[in-house]
Every structure is written in structure tokens, then in C-alpha cells.
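Across the two complexes that follow, subunit A remains constant while its partner is subunit B and subsequently subunit C.
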Partner chain A sequence: MRRYLTLYWYFLLQRFKILLEYRANFMIGASSTIILQIAGLLTIWVVMGQIPDLNGWGFDEVLLVYGLITLAKSINHMFADNLWTIGWSYVRSGQFDRFLVRPIDPLFHLLADRFCHDGIGNFLVGAALVAKSTASLGIAWTPFNALYLAVAVLSGGAIFIALNLITATSVFWITESIPVTQVIFNTHEFAQYPLTIYHRGIQILLTWVLPYGLASFYPASFLLGREVGALAWLSPVVALALLVIAFRVWLFGLRHYSGTGS
Partner chain B sequence: MPIIQAENLSKVFRIPHKDPGVAGAFKAVLRPRFEDKVAVNGISFSVEPGEIVGYIGVNGAGKSTTIKMLTGILMPTRGNVQVLGRDPHRQRVANARDIGVVFGQRSQLWWDLAFIESLNLVAKIYEVPPARYKQLLDQFAETLELGELLRVPIRNMSLGQKMRAELAATLIHAPRIVYLDEPTIGLDLIVKERIREFIKQQNRAAGTTVILTTHDLGDIEELCPRVIIIDAGALIYDGPISTIKARFGKYREITFETLGDASACAVPPGAEIVGAEPRKLTLRFDRTLTTASQVAQAVMNAIEVKDFSLAEPDLASVIKQIYGGALREPVTP
Partner chain C sequence: MMQALRRRIKVYGAFAAMAPKDYFAYTAWVWVEFIAQFLTMTIFVHFWRAVYANTSTLNGLNLPQTLNYIMLAQVLAPLVQTRTIFQFGFLIQNGQMAIELLRPVDFQARVLVDTLGWLGMYALLKTPLLLIAVILFGLQLPTSPAVWLAFGILLVLGRAVVFYFDWIFACLAFYTTETWGLSVVRVGVATFFSGILIPIAMMPGWLQQLAGAMPFAQAIYVPTSLLSGIASLADAPRVLLIQLGWLIALAILSRAVFNVAIRKVTVQGG
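Up next, the complex of A and B:
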């Protein structure tokens, strides 16, 4: 474990050296996500301007939901972006074979190979939204609330990573996993808003099947004092379980790969 | 005690069968059918520590598949392979510490990083002790002339520089076995020479076992006392290169430039025509049946010869004959 943490640190250092060499690229990447986020936020702002109340949720309350999922997504974006590009930049090019002849875990190698700085923009936007909405809503930053938020965001990030890992594993059968990842990943957009505005089927989907709701709606509800029962506490448990399942799926895919090659 | 032992090693790929056209594509989706493609078929061989073995065959003969099984990337369909007493696939990580792999033109170095930074990272991955790292780096910097390259990012390197950098990165953890998949492809003669020298030196000084796939006969002649030849997935020869040369080297080629029409000439006994143009005749003769002077005399008696030359059979023509099917029946060295 310690060895992997040190190694990750070295990978990160090298990555930043590259980024410093391409400063313009770094700035454009990190800020492009901010601009994209602003576009999304404008939509909420316009919609909420028309209907000040979204099924009982005010503007700042919706912003908190939106901010939480943006933070969770940014963790996935920063630390696991290679799950998107595994097909064309690693498996198809044969670079993935390189990971298999190195004395470290291939999944670790894949993730450590590229910290994605574009996610930093997402992180900043998410943090700003959560700061703004909690301030407006008068949610105090008590140690308990801070810890609760941190756990919720980390669990949310883990849920994103786990689902992307499962879909990315399809690369070992179809050599390009982006379409599969895209379909599953895009459902998180529902969870940018309070789940109560949706049909029951979608609520169940985002709570129990693709639990993106556990990264946004449920923790936000808890902080706002809205009753969601045990679901307020379920995020870390589900995140951990999902990570274990995803890793099993990944290992299964890896076994298939060693049977067939690319 | 062999360092690599392959027994009846086979790899069969199941590939989806598609009929041509749109209809075929639909059929493949609705009712997938699979064909078995035998990439490697029952290969057995063993390699002793410190050997340099040339692993050769035409494209698609199964070289890469074999290397992938030896390195642990692929699992054999049948048969068994042991590398340093381990199963390279099941004990992939342990095996990885003891081997180094150069995959043709795919670099293992980070494109945008200065070479020295890439090397540092590779050394961290393999946990090379700092003192050992420094010593090997100094040694490689000298023999591969890396000094001025250390600060250069890989993307700015020429093909030859890249390959030198690649070799250094592959050997920086002092692996006991290195697999080199076409290490000299596309390089000029001077770089080829330097790389061969480096491989030889590593083999001599550190006792590194080398498995080399190549299409470059210079590599084989200079580096590999022993070759393994595979064709269509099967092993067709395993033995010293000298045996191959002796067996196929009994033929000589002699070319005549003539003043008159060369086709008028009768073929002398023990020889055969390999090329005939109006004023040029190339004959191949078996040295055990006739001599150069007998062949030359017979031709000269028939027509006026302006010039003639005698060619030593090089390994290229020998290999061409083998790939052409001359060794379909396995021979014992």
C-alpha cells in the first residue's frame, strides 16, 4: 500500500512536469471545464428564474445537489479519466501489454499513468457551488457537517469510478468501451437535480441500480434536514461494495484478455 | 537447469467469422460463429542461462504470440511454459521483475517527459536500489552514448536515439532475461552496430539471457549462435545457425554477362538456371556435384562471356529458401 502511494506520488510529479511544459494546454484544459459548468449552471438559473420552486426545492437547495455531484464527478475526472481512453490509447495501441510486463498492478498503472488536470476545473466549480449554497441556506460548517460532506463526496467519487470501471472492462471484448461508458455515465445527469422531481422508476434506478443519487440527492437532503431515512448513511457502504464488484468484473475482463489478446 | 522451458506450447484464438457484406455483418451479430485460428502449435524448446537465441519466422508465423506467452501477457491454450521456474502468466508480477521486454516500435517511455525523468520513473516501478541505479545509468550512458540524450523528451528523439533510450530503460533493473522484438527495425547501420554491441556486452558481462525476434539477418549472424525457426505456428528448426548455413550453403550462384544470346546455352550438369535474360545468365550449382570451373567452362564453350561473378550464399537467401518451404520437414541439427 505504502509503495503504491509513493509510486502514485512519483507518477503525479512527472505528470505535473509535463503539464508545466505545456502551460497553455494546462490552462485551457482546466478552464474549459469551468466554462462548460457555467453553461450548465446558466440553464438551472434560467429554469429556476421561471419556477422559483422545483417540486418543493429552492434555487440554493438545487445548487447544493448540483454542487455535490459535480465534486464527486471531478474526483472521477481527475483520478480515473484513463478509464475513458483505455480503448484507443492503451488496448488498441498495444500499450496495455506494457502494463502486463511490469511488476505493479495493471489497473493501478492505468489510473496512475494520467492524472487529468481538466477535472480541477470541475472540482473548483463544485466546491464553489457547495460553499455558496451552504452559506445561503445557513448550513453551518460544523466538524460533523464537514466530515459528512467529505465522506459523501469521496463515496460519490468512488461510485463514479466503480461504474466507469465496470463499463470500461467491456474494452476487453469490443476494443472500444467509450460508447458503453457513455450510456451509463450520462445517467448521472438525472442526479444533478432532486430525485423527487422524477418518476418512481428513475428514482429507483438512480438509488439502487446506478446509485449516482447517493452522491448528491441523499446527502443534500440530509444536510437540509429532509427525511430520507437510512439512505442518508448508505453512500460509503454502497461505494465500497460497488468498488469490490467493479474490481471483480475488471479481473474477469483481464482474464479474458489474457486468453484472447487484443 | 534451463531458464526457459516450453513444452508443447500452443495458442488457439477464437475469432468471429464474418461473411462479406451487410448481410454477413447482420448474420455475425445474430448468429455469431467462431473459427479457431491456431497461432502457435505445439512448440517445445528450452533455453539455458546466458544464451542468445534468435527466434525467427515470417510475419504471422506466431513469433509475437510466443513472446506474449513467455512474458505472461497471454495464457497458453495448451502446453506449459516455465520461466525461471515460474508460470509466467499465473505469477505475472514476480516474473515481471526478472524480465525486460522491448516491443518493436512501441516505446515504454513517456512521450513528453525528458528521458532521464522516464528512466527515474521506470527505476521506481522496478524498485531499483539507488546505488545500483546510478551505477547502471553511468554504464549505459557510456556504452549507448546517452549523455546528451538524458534531458531530451522522447518525442524529440530520432528513431535510433529512441531505441537506445528504450534499451537502457529495459535493462535498468538488470533483468535476467530480455525479450527483444525487432530491436533494430528501421535503424541505420551505425546504430544497428552499436545496439548489437550493447546486447553482446550485456550478455557477456551480466550473463543476461536474450530472446531476439528479428527480420534482420545481420542481427542473427552477429548475435545468435542458435536460432529457432517457426513457420505457421510450428517449430521447424532449432539449432546452430552454422548447420543451416552448411545445409543450404552447398549451392553457389554464378552469373554470366554474355555478348550473344544467353538462352542458346545448354545447362551444364549439376547446375540449374535461376535467372535468364537475353544477355545475362544466372546459374545455381551444387558444390558437391560439380565445380565452379566446370560450370564456367561449359558456358564459355557455348557462348562468348564478357564477364562473370560468383556469389557467396548469404544468410538472406538461405532464410528465403527455408521460408519458401525447404524445411517443411523438421531436421535435426
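Up next, the complex of A and C:
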């Protein structure tokens, strides 16, 4: 474990050296996702400015939900973006074979190979939204709340990473996994809003099948004092279970990998 | 003269016919885009229903009108979420740009024909999505052929306007190598100001002015307003003239900008 942490640190240092070689590119990349988020946020702002509430949720309460999912997403974006690009930049080019002959875990190598600076923008937007909404709603930053938020965000990030890992594993059979990943990943957009606006079926999907709701709606509900029962506490458990399952799936796929011959 | 014209039509026609072939090479992507659009549509329908729970009209639009508009805009959305600048960057980095410029057909005309040829294919591919919207979410489509015809014209012209804008923006790829980030910015701005997420009429005045100063609404808001019944057919000639103004101005500007920018071209290997 310590060895991997040290290694990750070295990978990260190298990555930043590369990134800072092209400072303008770094800044554009890191801030580009902010623009993309602003489009969605402006919509909420414009619409919510004209109505009292969205299904009983006020503007700041919706922002809290939106901010939490954005934070969780940014963790996946910064630290596990290579799960998207594994197909075209590693497997198809034969680069992935390089990982297999090295004395470290190939999945670790894949993830550590590229810290994605584009995720920083998402992180800043998410943090700003959570800070703004908790302040306006009078949610105090007690040690308990801070810890609860940290666990919720980290668990949310783990849920994103685990689901992406499962879908990325399809790369070993079809050499390009982005279409599969994209379809599953896109369902997180449901969780940008309070789940109560959807049909029961969609709520169940977002809670038990693709549990993105555990990253945003349930923790937000808990902090706002809305009754969601045990679901307020479930995210770390589900995140851990999903990670274990995802890693198993990944190992299974890895055994079926036979290279592309390039 | 006639022969030269016929030859030209034949050459560009062949490029237009390439669009569907190109696309079917990526059938997986057809499905992904389809599912993604369906998911987003589902979210938006629920979102707007919740919005209208306590009010019957917003800025003069009622729920059926807004839903009609939002669903149609969602079907058309990918048409303005383009990444031409990233493709330019790619062409420059791997040396393809030099080859494109050496070809005996005009590079810009070829890509334009390709883009507009693709619209026919797009209509075909998105018909199932429209049907799903009709069945599941009660989307109402106009029955008047005149409305459909006018919509078709506004859409083609609007798409061409965005094409020429993209051409100008993509010339930045000759000056910077970070084209992915710029393409993300481009998509984010276009997604909001084209009217995909909210009808522009619902925005506050200053945002409406910004949207009017950008070309993206020409390809989404203008044709979608007509097809969804927010705008009337009588208004079509007026918006058509505005579109033509955009089109001519951006077409001329795009050629001028491109001619300056290619002097900068430093193809990185290839």
C-alpha cells in the first residue's frame, strides 16, 4: 500500500511536469469543464427564478444536489479518466501490453498513468455549489457534517469509478469501450436533480441498479433533514461493494485479454 | 461551362454520399447517441413537469408547448454540439491537413457538403426517437406540409450558419494545440445559447441578447420554435432573412479567416 502511494506520487509529479510544460493548455483544459457546467446551472437559475420550488425543493436545495453529484463526478474525472481512453490509447495501440510486463498492478498503472486536469474545473464548480448552498441554507459546517459530506463525496466518486470500471472492461472483447461506458455514465444526469421528480421506476434504477442517487440525492436529503431512512447511510457500503464487484469483473476481463497484435 | 458544373456536382455529390457510409461504420455510436438523447429527454420531461406543477404558464408558454419545444430541441441537439476545432487540431497534428489542402476540390466546400448531406441521414436516424417521444411523452408534431417544409429550410440554413461559425472558430487550431478544451467550451456555450436547454424566450433579457448575438440559435431555436408551434408560419420569412444575413456574413468571413490562418500552418509531422 505504501509503495503504491509513493508510486502514485511519482506518477502525479511526472504528469504535472508534462502539464505545466504547456501552461495555456493546462488552464484551458482545467477551466473548460466549468463552462460546460455553467450551461446546466444557468438553466436551473433561469427556471427556478420563475417558480417557487421544484417539487418542494428550493433553488439552493437543488444546487446542493447538483453540487454533490458534480463533486463525485470530478473525483472520477481527475483520477480515473483513463478508464475512458483505455480502448484507443492503450489497448488498440498495444500500449496496454507494456503494463502487463511491469512489476506493478496493471489497473493501478492504468489509473496512475494520467491524472486528468480537466476534472479540476468540475471539482471547483461542485465545491462552490456545495459551499454556496450550505451557506444559504444555514447548514453548519460542524465536524460531523463535514465528515458526512467527505464520506458522501468519496463514496460517490467510488460509485462512478466502479461503474466505469465495469463498463471499461468490455474493452477486452470489443477493443473500444467508450460507447458502453457512455451509456451507463450518462444516467448520472438523472441524479443532478432531486429524484422525487421522477417515476418510481427511475428512482429505483438510480438507487439500486446504477446508484448515482446515493452520491447526491440521499446525502443532500439527509443534510436537509428530509427523511430518507437508512439510505442516508448506505453510500459507503454500496460504494465498497461495487468496487469489489468491479475489480472482480476487471480481473475476469483481463484473463480474456489477448492483445491486438499491433 | 455546363460540363464543368456537372463534373463539380458529381464530385461533391460523391462526398455527400459518403456521409451515411461513414456513419454506419460506427453503428455503436448511432446507438449511444440514441440512448443518450432518450435519457436526456426523459430527464427534461420530468424536470419540466415538476416546474409546471405550480404554474400554468411561464413567459406565455404552457406545459405542452414547452415540452414540445424541449423534446424537439433535444432531438436536434447533436447538430450544434460539434467539435470542428478538435477535428482541425487532429488534422494538423497528424499531417492530414496538408493533404486536405493539396486536394483538387475546395476543402471547405467539401466539408460543407458532407455536413449538409448528413442532415438527410440524421432525419432518418432520429425518426424512431421522434416516434418514441410521441408515444411516451405526448409530443405533438404539426400536420401542415408547409410547416415541415419551412422547418426543413430553416434547419438547413441554420446548420450552415453554425458550420461557417465553426470554421472560423476552428482556425484557432492553427495557433494552439489545446483543441479538446476549446471544443468543450464551444459545446458548452452552444448548448445553452442555441436554446437546447430552455426556450430562449424564457431567458432574462440580457441572456436573450447574448443568444441573439451568437449564431447557435439559428440551428436550434429558430427551426424548433416553428416545428413545436411556439412560432407561427407567418413569421418564417422574417427569420429566414435574418438567417441569410448570418449565412452570407459568416461565409465570407470564414474564407478570409481561413486564408490568413493557413499561413500559420506548421504541420506536426505525419
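As a working rule, the second predicted complex is superposed on the first by the 257 of 262 C-alpha atoms of A that agree within 3 Å, B and C clash if a C-alpha of one lies under 4 Å from a C-alpha of the other, contacts with A are read in each partner's own complex, and residues count from 1 in each chain.
Keep in mind that, in the parts below, a contact is a pair of C-beta atoms (placed from the backbone, for glycine too) under 8 Å apart; a residue touches a chain by one contact, two chains touch by 3 or more.
Bear in mind that the values here come from a model prediction, so they are computed numbers and not experimental data.
Novice: Given the touch rule stated above, what does A:Lys17 touch, subunit B (first), subunit C (second), both, or neither?
Specialist: first
Novice: According to the stated criteria, A:Gly94 is in contact with first (subunit B), second (subunit C), both, or neither; which is it?
Specialist: In the superposition, A:Gly94 contacts subunit B only.
Novice: Check whether A:Ala135 is in contact with subunit B, with subunit C, with both or with neither, and answer first, second, both or neither.
Specialist: It touches nothing on subunit B or subunit C.
Novice: May I ask you to decide whether A:Val209 touches subunit B, subunit C, both, or neither, giving the answer as first, second, both or neither?
Specialist: In the superposed model, A:Val209 contacts neither subunit B nor subunit C.
Novice: When both complexes are superposed, which of subunit B and subunit C contacts more residues belonging to subunit A?
Specialist: Comparing subunit B with subunit C, the partner touching more subunit A residues is C.
Novice: Going by the contact rule set out at the top, does A:Pro179 touch subunit B (first), subunit C (second), both, or neither?
Specialist: A:Pro179 sits against subunit C, while subunit B stays out of touch.
Novice: For A:Ala39 in the superposed arrangement: first (subunit B), second (subunit C), both or neither?
Specialist: Second partner only.
Novice: With both complexes overlaid on chain A, does A:Ala150 touch subunit B (first), subunit C (second), both or neither?
Specialist: Touch partners of A:Ala150: none, neither subunit B nor subunit C.
Novice: With the two complexes superposed on chain A, say which partner A:Ser258 touches: subunit B (first), subunit C (second), both, or neither.
Specialist: A:Ser258: touches subunit B, not subunit C.
Novice: For subunit A, which residues lie in the overlap of the subunit B contacts and the subunit C contacts?
Specialist: 22
Novice: So in the complex, the part of subunit B that touches subunit A is made up of which residues?
Specialist: 13-14, 65, 68, 71-75, 89, 92-94, 96-97, 99, 101, 103, 106, 108, 110, 112-113, 117, 120-121, 124-127
Novice: Which of the residues in subunit A end up touching subunit C in this complex?
Specialist: 22, 24-25, 28-29, 31-33, 35-40, 42-43, 46-47, 49-55, 118, 176, 179, 182-183, 186-187, 189-190, 192-193, 197-199, 202
Novice: In their shared complex, at which residues does subunit A touch subunit B?
Specialist: On the subunit A side, the touching residues are 3, 6-7, 10-11, 14, 17-18, 21-22, 93-95, 97-98, 100-105, 255, 258-261.
Novice: Which stretch or stretches of subunit C touch subunit A in the complex?
Specialist: Going through subunit C, the ones touching subunit A are 28-29, 31-32, 35-36, 39-40, 42-43, 46-47, 49-51, 53-55, 58-59, 176-178, 180-182, 184-185, 187-189, 191-192, 197-198, 202-204, 207.
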